[in-house]
Every structure is written in structure tokens, then in C-alpha cells.
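Got a structure here, written out as C-alpha cells. Questions coming.
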Amino acid sequence: MSGENKEQPKKPAATPPKPTAAKPPVPAKPPAPAAATAPQKKEPEPPAFEKGIADQIKKRFGEAVKVVFIRPLRIKLMVEPRDIVEVATFLRDTMGLDHAESAGGTDYPKDNQIEMSYHLGSYGREDLASHVLSLSTRTARDDARLPTLINVYKSVEYHERETFEMLGIYFEGHPRNDRFLLPEDWADIPPLRKDFRIKGR
Amino acid sequence: MAELIDFIIVSVVLVAIGIYGLVVKRNAIRMLISIEIVANAANLTLVAFSRSLPNAQGQVFALFSIAIAAAEVAVGLGLVIVAYRLYKEIDVAEFRSMRG
Amino acid sequence: MADPVFIGVAVLTVGSAIIALETRELIYGAIALAISMLGVAGFFLLLDAPFVAMFQIAVYVGAVAVLIIFTVMLVRTQALFSVKEDKKRKGAGIALMLIIMASLGALLLASGLNGQFGNFNDSEAIDFREIGEQMLTYYAPTLIIMALTLAGSVIAALALARREEVTSIDGEGQQNGRTD
Amino acid sequence: MASYPQNFRFGEFVGSILWLVFWVLIIVTLVGLPLVFIVLFYVPLPPIGDEVLTPYLFLTMVVDPSRTIPIVEHLMTTDLFRVAVFPGFTYGALIGGLTIFIERKFLAKMQLRVGPLYAGKIEGIFQLIADGLKLIAKEIIVPSGADKPIFWAAPIAFVSVSAAVVTLIPVAPGWVVADLDVGLLAVFAILGFFPLIALLFSWASNSKYPFIGGLRALHQMIAFEIPFILSALSVVILSGTLNLTGVVEAQLQSYWFIFFVPISAFVFYISSLAELERIPFDLPEAESEIVAGWLTETSGMIYGLLQLGSYIKTYALAALFVVLFLGGWAGPQVFPQEFHTPLVDISPLYDPVAANATLWFTLKTFGMIMLFLLPRGISPRIRIDILLHTGWYKLIVLTFINMFIALALIYGGILGPGGLLVR
Amino acid sequence: MTSLEDKFEETKRLGLQIVRESEDERLMTLSVGPQHPGSGHFRFTIKLDGDYIVYCDPDPGYVHRGEEKMCEYRNFIQNIPHLERPVIHDSTNITYAYSLAVEELVGIEVPRRGQFIRAIASELNRQVYTLYWLAIYGIFLGHSTMFMWPTGDRELFIDLLEALTGARVTHAYNIPGGVRNDMPEGFRDRCLRQVHYFEKRLKEYEDIFYNNPLFRQRTEQVGVLTKDDAAKLGVTGSVVRASGIPYDIRKAEPYDIYNEIDFKVQYMKTGDSFARSYTPFLDMRESCHIIEQLLDKMPQSGEVRAKLQPNPKGPPGEAYRRVESGRGALGFHIISDGTPKPYRVKISVGSFRNILALPYLLVGQRLADMPAIYWSLNYWPVEADR
Amino acid sequence: MTSAGAIIKAIESGSKHLLIKRFTFRYPEEKLKFVGDGYQFDPKKGVGIAGYRGRHILFHDKCTGCQLCAIACEGIAEAIGMVKVDEQWKQNKKGIMPQIDFGKCVFCGLCVDACPFYALFMTNDYELSSFTKEHLIYTPAQLAVKPKYQGDVEIVIDDRGATHG
């Protein structure tokens, strides 16, 4: 492990508890600096290593990639669906993020959009081993279609299949957009969409 | 106590049954079964005569014959399998392209 | 002819030989063949040839019947049940069978074999040690040729039944290796 | 929380029972008793000594111990006794049953468990009976599309073929059901039936897992049959006979053959494990791959019969090992020549030689059975290609080595007629 | 078929063509279904050519319960008891990751003693899971003693955890802000004695199981997953460590107290079934050392649970936290919209990532290798289905 | 011959255990001894007290009918319902107390954490089986009964292995 990495681990323990450290007994209403606002504004000075990575990506793609937040060990990028394959290929080949840990979608009915985020990690680069880069994209709710990343990351095969049936995103180019976890006779709307309600709740 | 002629008669009956099967049946496996029946009838005759004259050679020949029959069945069934794989059929009349 | 054991074995042998040919399902035919072979082995025991009888059981029941049953299982049932035989042919076959039986039987009865050698109890049974002796002395070349024939046929069967794509030892190969 | 109907009346309940008893008594007196009397007094049995036996007389003699002795003595000379009781089926089945119990306790000990515990007060000795009763009580489910005649016949054939092997085993001098000249050959001829039965049964079950299991059983048994026969062949060379009693007597005259041909004994042991489908060779029943192999579709007493058959087979092969390599019934005399019991004199039944022989034979057999059970505790299942490779290449070579050793012993004048080590 | 790409193409071809359209009669389809003794609550169809597997189609979902959807209806604390249902043999670790994520969202810190107790519970529970896994691996390979021994020793660890947490399997012990209760009296000595005993037992396991030549024959060179393929497929936990990548979340991204603990990441280089089965075993040994260290360094008294309101809520935002569970990295991605209930919970579990390797490893192997490969992937069907 | 040696080692390792005491513990005759009297919670400190989480015990003199336990259970198992009791307690004006359905309860103990008045604890009693599901619903009166659980078997770990009792 490189020297840089040895320093990294201590940061998550140090940074998040800022609000509570100020007022431990009443955590219910922390009017303190960050809590009420969006996370990306919480930290005006993101850690250097993560910032460097984000800058590298930013430099390559310019405005096509939007950095949502940079936190210790975590980076979130937002791209347009048409760019995602290109960005992912760049991340895999140049940045050394060689596998996807997880991929899942979130339904935002207010924006009429579905967000799909891939959490990418690295086995190859030791200094990136503790980082997770979240590559997100958004698509319309009504006609949810996204290009598949299966040709870039083999590891998203089942995650995408799961997302297809849980959120109804059709992945163009994925070999099997079909039933995976749900019962064979499932005939309702995709269950992880917000307008699907569990009975009695 | 049974005598030599009784064994020979049983053997004759078996031979006749075997030949009937060879003539009538067109199924390759059944034809192999018929051949086995005929071979057994022959063995029976051999052993019966060997017992009757007392002479060990009849039994020796019977043993040889049994071994040969086993080898023949192995090859025969190998052929049946190949033919089945080619024609999806074990009826010998259907093995048309075997001619020439 | 009054020996009930003999009659029983004879009925078993001949009856199951007929069943082996005439039953509709080939697998029962194979089983009936095995039983018929057992009957023949019983004859051998009656003829005081226990060595040949045991050999017969070991080879025919342990190998030949297994082989045939195995082949029957490999072949799809659809091909087994298609009975294609015409009545005329069957009639002719039965006639042929009866003619063979009648003529050979008449020949045998007329040949003077009947009663000539008398009862088996008169003569000593052959010890199987004598068979071994003869096999290893006078018939030794035959034995070697036999062994080569067996080996050749096993290899031939292996070569016939193997598939090109599969490189390792397959089911049929093991099967045919049994036949010695 | 006993549940009973609301309109329950105890009086009615007692009345109904009394009514039932009344009718049973009527039927018994009118039909049952005359039948019993006819059977007791008019059915002839074979004569004992000089009087014709009837069941009634038989019963009176059984009640009086001193008069029972001749009946038992007569019974013990019949073939039926030999086939059904002592060296035959019951003895084999008893040892088989004991084997099951020992296996369970032995494995439990090895695996830090307790094994059967509650059936029977002491350490669950009646567990086998409980299991047998359970199996009998269970429904036998025949799979749809199964070949019914074969499906029903195969378990029975399995047990009877196992029992047929048992009949060839000499337990004590003179105590063997069928003393054939070609006894050893007969054993192998009969063992050849097992693959056939397994294959037929697996095919008849109309399911894929049994079929794969049956094919595996076939391959395995056939692959190990040749080393099996060849390893016994070296014993035949040493003793000069195929008769099993003769083999034992040859060992009585010299030493146990395991000292001369240990490699053969080892090969025989391995091949027996394979023939018995015991771990590590239990591929035909590998439950993590093919559910339960060729036993998948068995239920109730069909399963029970197959298990009974396989344990009888275990006994038969262990006994065969004892006969071939461990000197059969050879052992020092521990029973006294004379044996007197205070109440009834059973000296006409008492044969010190046979009792001694049986004792040693049984002890050795149990030792062998323990050896057969041991691998189950310490070994995983082997893979089919390794198994076939072992059977076809390694074991056959080993047996040939030992056959040459046996030949050298014979021709070197150490064993055989007039050999150095022959007493 | 050698490289991953070839296997992938072949599987795709077979999956699309043979399975749906034409049945090659040479192939035998075998359903290793949910009732099969060698599968668990999981089904995969394999196609056999003779004794060789040519195609495998996993079909999970038999125990899918929609845990992710259920989480959206309960508040942060109420989620805990039902989140451990997917993997009751490793329930401390799954709630551990959840608690970490919620702590990041809500913004609280766990007291130091609480962190130690958490780590001890997590290590003990990993032992419980690994022993259970090992027991099943033993019985899958027909080794019944190897089923009974770990099951018996697992019972000791369960008793320990029961003394600590109050429940045998579903502990509900970790909670955002710490642990539910302090250690009982005498737990430390009991735990140390147990760990020492267990280290002795591990040698016996090695004697009877891992060094057994028959076991080695069954597993060595079977289902080899190379380093590159392991990285591409994104497998995790012992599977990836067996392939030569020393990746352990405890080392890569040390949570709570793990950066003060001295331990080595155990890994092997061969990547076959044997390595995949031996790595968890080495992990168990390492885990024993970790427990000893934790018991040594633990502060003798102190708070174990930070004060937290009964219905905690954090600011809008998202958190992704991972822990090393028995089956590898276990991550929780929680999105909060500022209400007491999470907006979206995505659970990324090791099983679901590992099972992706199954079709690629099975193709070209023998039927008898199927259990050896399948269970070496450290797969827990209920967890994968969630 | 390393493989032969390994097999011999395995045999030795297995057969060694023929002499070691058995591990199995005979449940109905022997019962395990637990830590403490059951899981309890100290709301002042905000920390639980270690103990087995078996069935609950309800102290009627402390229960105020505040329903916090039922609210805590709402999202988890929905096992707790508040029922009217005939008793008159000063602190319990509404006269309602929890009734627990042990057919639904998951024994997580979060209801104990929620109780601020030391009224609801858990006990060592885990033998709750019954023939019908209705019998698993414990009324407040049943919950007040202190269970009779007697477990005295402890795990002993010594040089010869681990045993129960």
C-alpha cells in the first residue's frame, strides 16, 4: 500500500462527526454549519487526492461530466446517458477502476426521472483500493432506456438485470433483459418505483 | 434323469427360435439378441456332448465361444450406436446408404 | 424326461428366449435374454460343468445383458416402439422355425443318438482343472488369439462409439471395456 | 389440550367397547377355535425319531426343554435352516443390522455426537427397529412414468442377490449353504448382477438423477471388478483351489494369506469399498451432485430393502475378505470341550469346534466391517475420473505385482504342496 | 474455452440460442433446483455433455423479499431487525454496515469502547458464518465429519454471541450510535478461552480436511479464476483473495477501530476451488488473532452507545459504507431526503457479486466439480436475493 | 509418500476423537445457563444490560400505558397491541397495557429499549411452543408472570475438548 493510502483511512472517522462533536447532547436539531444544506456544499475544501481524480476526469470530458460531490474516499459523477459508455471506458482504462461493486437505481418521481448509479472500485490500483466512485446518470421515467455497461464492466451483468426488473430500465445491448429475482408471473409495475406501494402501508 | 437327447432337443428349439428372430425382426438390437440365442444353443450342445463322451474339449470350446460372443456383442452394439447416431433409427431396413 | 428340474429349466430357457424376441419393449427383451442365459447356465450346472456355468453367468449377465440394456437406454424410446413387421413375414418366419425344429428333431431321433450314450451318471464329471490344463497347453495359441481378438474388438467398439468432440474416456468406452 | 367431541358420554364409550368384545368372542368361538383345533391335531409334520409330529405335539415338546432338543437337532440338519437361519440369510441380516447400529455409533463418536440415543433405554439400541417400523409404515411412492414391474422387482432382486452371496461364505467347518467347487468364481458371477440391478432400477425410476447415478454405479462397479477378481486370483494361486472352504483350509495349514499378499488385500479392500458404494466411493449416491443417485425415487420399504441388501452385501464382502486373507475361522480354541448347563442338557447341540469357529469368524468379520466404516469418517467423496483412473490403471498394476509375488512364493517352494511354510 | 471473453461469448450464445430455440439432444439438462440438496434456495440449470458441463444459467430469486423496498417504509432504527433476516448467520456484519452508513448520514460518532465491542461481535459472527460455510462445504464433498465438527464448534461461538447480545442468531446488536448493551461479566475470559481452544481445533481441521489428498484431488485445479478475471468479474471476499488480490475492506478502508489492529490480509495465488476454500480458513485463524488483540486493547470501561434520539433523521444526502462480511464486501448505499425514513437503500452484497462467476467457472468442468465450485464461491442465496 | 502420510494423519485425527468426551447436549433433560435474568434496559444511561432475549415480563405497577413499545414494534413485527385491563393503577389512567403476540415477535428487544419506565423487560424463557397460534398471544396478565426457567449446564473448555456441563 502506498503512503498516501495509509493516511486516507483515518479521514472518514475524523470528518463526518463534525456536527455532533460540537453539540453531543442534542443531536436532534443541529443548526450547525452543514446539516441542513446539500452535502456538496458542506465541505468547501475536498481532500486533495480525490480532487485530483475528479479534476483528471473533468479535464478529459469537460462539461459532459458533472461532479456532484467529492468527499473522503467517495466521488460522485453525473453524466448524460449518451456519454456514460465513453466515461466508463475512460475510467476503466485510464483510471484503473476495474470493477463495479454495485449498481442500482433510484426513482425520483418529482423530477420524473430515474437515477442509475454505478459504484466503481479498483482492485488493480492500490491507492484507489479504498475509494468508491459513483458514476450516475439519469433517464426519463416514462421511457427508461440506458446504454448497458456490460461491455465495459462484466460485473454489472446481474446488477443491470436486477435493475431492469426492479425499476424498469431497459438496458440497450444487454443480452438478457428478463426476469431475474422476481417471480415468473410478476405482472405489476416494477416494485422499486415509488408509485408501487406495499399492501397495507 | 435327463439324457443327452433332451439337451440336444432344447438346443434345437433354441436354434429355431434364434433363426426365427433373425428372419423376422428388423430391429438391430433384436437381431443381436437372436444371434446370442443361437450361440447359446451351440454352447449347450458343446457342453452336453462334452459331458456325454467325457471329454474336456467341448467345455474349452464353449468357453472360447462365450468370450467371442461377448466381443461380438460389443462390436455389434457399437455399430448399432453409430447407426443410430447417423439415422436416428435402429431398424436395419432403414440403413439405406449402407449399400455400396 | 421325468426330471422336474430339467423341465423347469427348459421351460424357463425357451420361454424367456421367446419373450426376448416377442415382447414389445426392448428392455424387457434384454432382461428376458438375461434370464434365458441364466437358464442355459442352469443346464450347464445340470451337465456338471460349474466352471462354464459361472463363466456364462459372469459374461452373459454381467456383461452382455448390461451392454444390451445400456444400448437400449441410449437409444430413444421413440425408435424402440416403432414395430415395423408385416404379418406375412412373421408367418413365414414361424413356418421356417417349425420346419427347422421338425426336420432337425426327426434327424436327431433317427440318428441313433437317442439312448446311445445312456445316462450321464455312468461317466465321471470333468474336473475344471482339466479345462485349465488343456487351455494352457494344447490350446495356448488359441487362447492368445482369443485375447487379441477380444482386445481388437474392444478397441474397435471404442473407436466406433466414441464421438469426435469428446476427448476423454466416455460412457460407452468404459462399457465396452467390460467384455473380457 | 386434549380435544374430544362435545357430546362425549363415557357410558356410551364403554358400552361400545363391550359390544365389540362380545362380537369378537362370538366369532372366535364359532370360527377361530375349530380352525385352530383342526390345525393343531390333523396337520402332519416330518417325523422326529419314531413318532409323527403334529403341531400340538410340537407345542408340547417346545414347552418342555428336554424334549425340545431333538426337534432343534433335527431342524439344524435341514437345508431350510442353513439357508434361512445360520450361515444364511438371518445371520447375514443380523450382522447387517448390527453393522448399521455400529456405523451410527462409531461415526457419532468420531464426529463428537452421540448418535441414536432414545430408542431403547441403553444408547438407542432399538433405533434400527424403530427405523424399520417407520420405513414399513411409510407410503411407497412410485413415480409417474416409472416402469412398474422393474421398479418393484429390483429391490427384491437386490436383497436376494445379496443373500445369494452370503450362501457361498463358509462360516465354520461344514457350515456353508452351498459348498461349490467354483465358489470364488460363483461369488464374482453373482456380484456381476449388482450393476445390472442398479442400472435397471435407475432407468425404471424415470428420472434424470437416478439415471446418472445408475450410470455411475455401472462404471464404478465395472472399473473395479477386474482388480477385484485379480486380487482374489493371487489367493487362488496360493491355495490352489477355487473352493472357499479349501481356501480357509489352505490357510489353516500355513499362515494367513494377508502376510504373503498384503497388496492384494489392500486392493481387495479398496475394490470392496467401491463395490459397496461406501465413502469415498459413494458417487452413485452423491447427494450434493445428483440428489441421492439411483436411490432418489425410492421410498418406504423399497429404500429399506435396498439398504438391507447393501448391508448384507457389506457383511458378505467383509466375510469374503476374512475367508480369503484373514484365515477364515482360524483362531485359538476358547470354548471348552464339554459344556453342561444346570437345567437342560444341551450337549447334543453343542459343537465346540463350530462354536469356536463361528466366534472367531464373526469377530474378524466385525473387525473388517469397522475397517469398511472407517473411511466414512475421514474422507471426502472422490471424483469419477479419479475413480476410474484408480480402478483401471493403478489397482490393476498393483494386483499384477502381487500376482507375481504369489507365483514366486509358489515356485520358490515357500508355499504350495510341500512348501517351507506349510505346517 | 480459455479466456473470460470466450466463455462469456459462448455462454451468451448458448443462453440465447440453445436454451430457447433448439434442444440439442446430446445435451442433458439438469436442474439443480431449489429442492436439490446441493443448491440451497437457489436454482441453476446446467447442461451436460456426457460428464461435462457446457452451460449454466443461474436463477436466483426464490427467497427474494424486497428488503430494499421494505426499508423505505421504516425508520432508521426499525430497519435493523429485519435487515439481518437475509443473512442470519452473519447478522452482525450486515447491521454493522447499515449502522455505519446511518451514522455517516445522521452524523454521530460511536464511543471507543462501543467500537471495540462492535468489532468483537463482528469477528465472532464472521467465525460463526465461516464455520457454517465450511460445514456445508464438507458435506458437499461427502465429508460428514467435516460437517459435524464445524457445526459443533460453531455452537460455542453462538453461545458466546448469545452471552454478548442476548440472541443466538438474529442479534440486532449494532445500532446507529454503538451497540445495544455492554459486555457481560466474565465475557473476556470466556472469549479468550474459546479462541485458544478454537485455534487448536483449526489444526485438526487441517489434518482431516485440508491436507487430505482426496480433498485436494477434488479441488485443486478445479474452477480456476485468474487474477484478471476475478478483477473483471468484480467478485469479492475470499473469492477475490483466493485469486491473488489481497483486498479486504478491513485493510483497504478501515472502519471503526480496525486501523489500530495489526493483522495480515490472507490470500492465495492459485485461484482454484482449493484456494477459495482455504482462504476463509486462513481468515478464521487471522480472526482469532484479531479477537485476541481487540480484547487486549479494549478500554476497560466507558460508553458503548452514543445518545441518539429514538427517531433519528439526517440531512438530505447519501452515504455508501462498506464492511468486510463473511462473504466479502457488504455495502450499504443509503439516500436520505431528510425524513426519518430512508429514501432509498441499496444493499450491495458479496453473494450477489460472487455468483456472477458461477457460469464462467462451471463451463468445461465435470458434474462432480459442481458442488466444489458452487459452494467455494461463498454464496448465500438468501443474502443475494435480499 | 506425502499423500499416504496425510491419510494416516487424517485417520489419526479422526480416531483420536473416539476417546474424547461427546459434545452434544441433551436438550430437554439439560438446559443451558444464561447470562443474567434476561435483557434489560436502563433508560437513564441509555444502555442495555446483557441477558438472554426470551419472552417479555411486564411489571404492571410500572406500566403507564404510554404505547411507546407498541410504536417501536410497529415497523418491525407488529407484535404488540395495547389492550384494556381491568386493573386500576395510579400511573396508568387509560388502563391499557401491551399484549404481545409471540407468533409475530422477533425478539429484537427494541420495545424494551423504548420503555422509559422500567416496565418491560425480557426473560430467559424461550420455551413458548403451543398447539395453536392463539395461545401464543400473551395477555398482560400472562406477561406479568415470572417464568420458571432452570438452566444449569455451562460450557466447559479444557484440554480434552469442549463439553457441556
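A, B, C, D, E and F label the chains in the order they appear, each numbered from 1.
Here is the rule we go by: a contact is a pair of C-beta atoms (placed from the backbone, for glycine too) under 8 Å apart; a residue touches a chain by one contact, two chains touch by 3 or more.
Worth saying up front: this structure is predicted, and the values here are computed from it rather than measured.
Chemist: Show me the overlap between the contact partners of subunit A and those of subunit F.
Modeler: Expected: E.
Chemist: Looking at the contacts, which chains touch subunit E and subunit F alike?
Modeler: Chains touching both subunit E and subunit F: D.
Chemist: Select the chain at the greatest separation from subunit D, using centres from the mean of Cα atoms.
Modeler: So the chain farthest away from subunit D turns out to be A.
Chemist: Can you pull out the chain pair that has more C-beta pairs in contact than any other?
Modeler: Ranked by contacting C-beta pairs, first place goes to B-C.
Chemist: CA centre of subunit A versus CA centre of subunit C: separation in Å?
Modeler: Each chain's C-alpha centroid was found; their separation is 74 Å.
Chemist: Could you grab the centroid distance between subunit B and subunit C? Build each centroid from C-alpha atoms only and quote it in angstrom.
Modeler: 6
Chemist: So, what's the distance in Å between the C-alpha centres of subunit D and subunit C?
Modeler: Spacing between the chain centres: roughly 31 Å.
Chemist: Could you tell me which residues belong to subunit E and also touch two or more other chains?
Modeler: If we look for residues of subunit E contacting two or more partner chains, we find 73, 145, 152, 208, 212, 307.
Chemist: Note the residues in subunit F that touch 2 or more other chains, in rising order.
Modeler: Residues 7, 10, 13-14, 23, 161 of subunit F touch two or more partner chains.
Chemist: Hunt down the residues of subunit C that sit against at least two other chains at once, touch-wise.
Modeler: 51, 55, 63, 76, 128, 171, 180
Chemist: Show me the residue ranges of subunit D that touch subunit F in the complex, using the header's touch definition.
Modeler: Where subunit D meets subunit F, its residues are 1, 106, 108-114, 117, 374, 377-379.
Chemist: Using the touch rule from the top, collect the residues of subunit B that touch subunit C in their complex.
Modeler: Spelled out, the residues of subunit B in touch with subunit C are 1-10, 12-21, 23-27, 29-30, 32-34, 36-37, 40, 43-44, 47-48, 50-57, 59-60, 62-64, 66-75, 77-82, 84, 88-91, 93.
Chemist: Which residues, counting only subunit C, touch subunit B once they are in their complex?
Modeler: These residues of subunit C touch subunit B: 1, 3, 6, 10, 13-14, 17-18, 20-21, 26, 29-30, 33, 36-37, 40, 43-44, 46-49, 51-52, 55-56, 59-60, 63-64, 67-68, 71-72, 74-76, 79-80, 82, 84-85, 89-90, 92-94, 96-98, 100-101, 104-105, 108-109, 113-121, 123-126, 128, 130-131, 134-135, 139, 142, 146, 149-150, 153-154, 156-161, 172, 176, 179-180.
Chemist: If you look only at subunit C, which of its residues touch subunit D in the complex?
Modeler: Listed in rising order, the residues of subunit C that touch subunit D are 27-28, 31, 34, 50-51, 54-55, 57-58, 61-63, 65-66, 69-70, 73, 128, 168-169, 171, 174-175, 177-178, 180.
Chemist: Provide the residue numbers of subunit A that touch subunit E in the complex, in ascending order.
Modeler: 1, 9-10, 12-13, 16-21, 24-25, 27-28, 30, 34-39, 73-74, 76, 98-102, 104, 106-107, 117, 119, 121, 123-124, 129-130, 132, 134, 153-159, 162, 166, 175-176, 179-183, 191-192, 196, 198, 201
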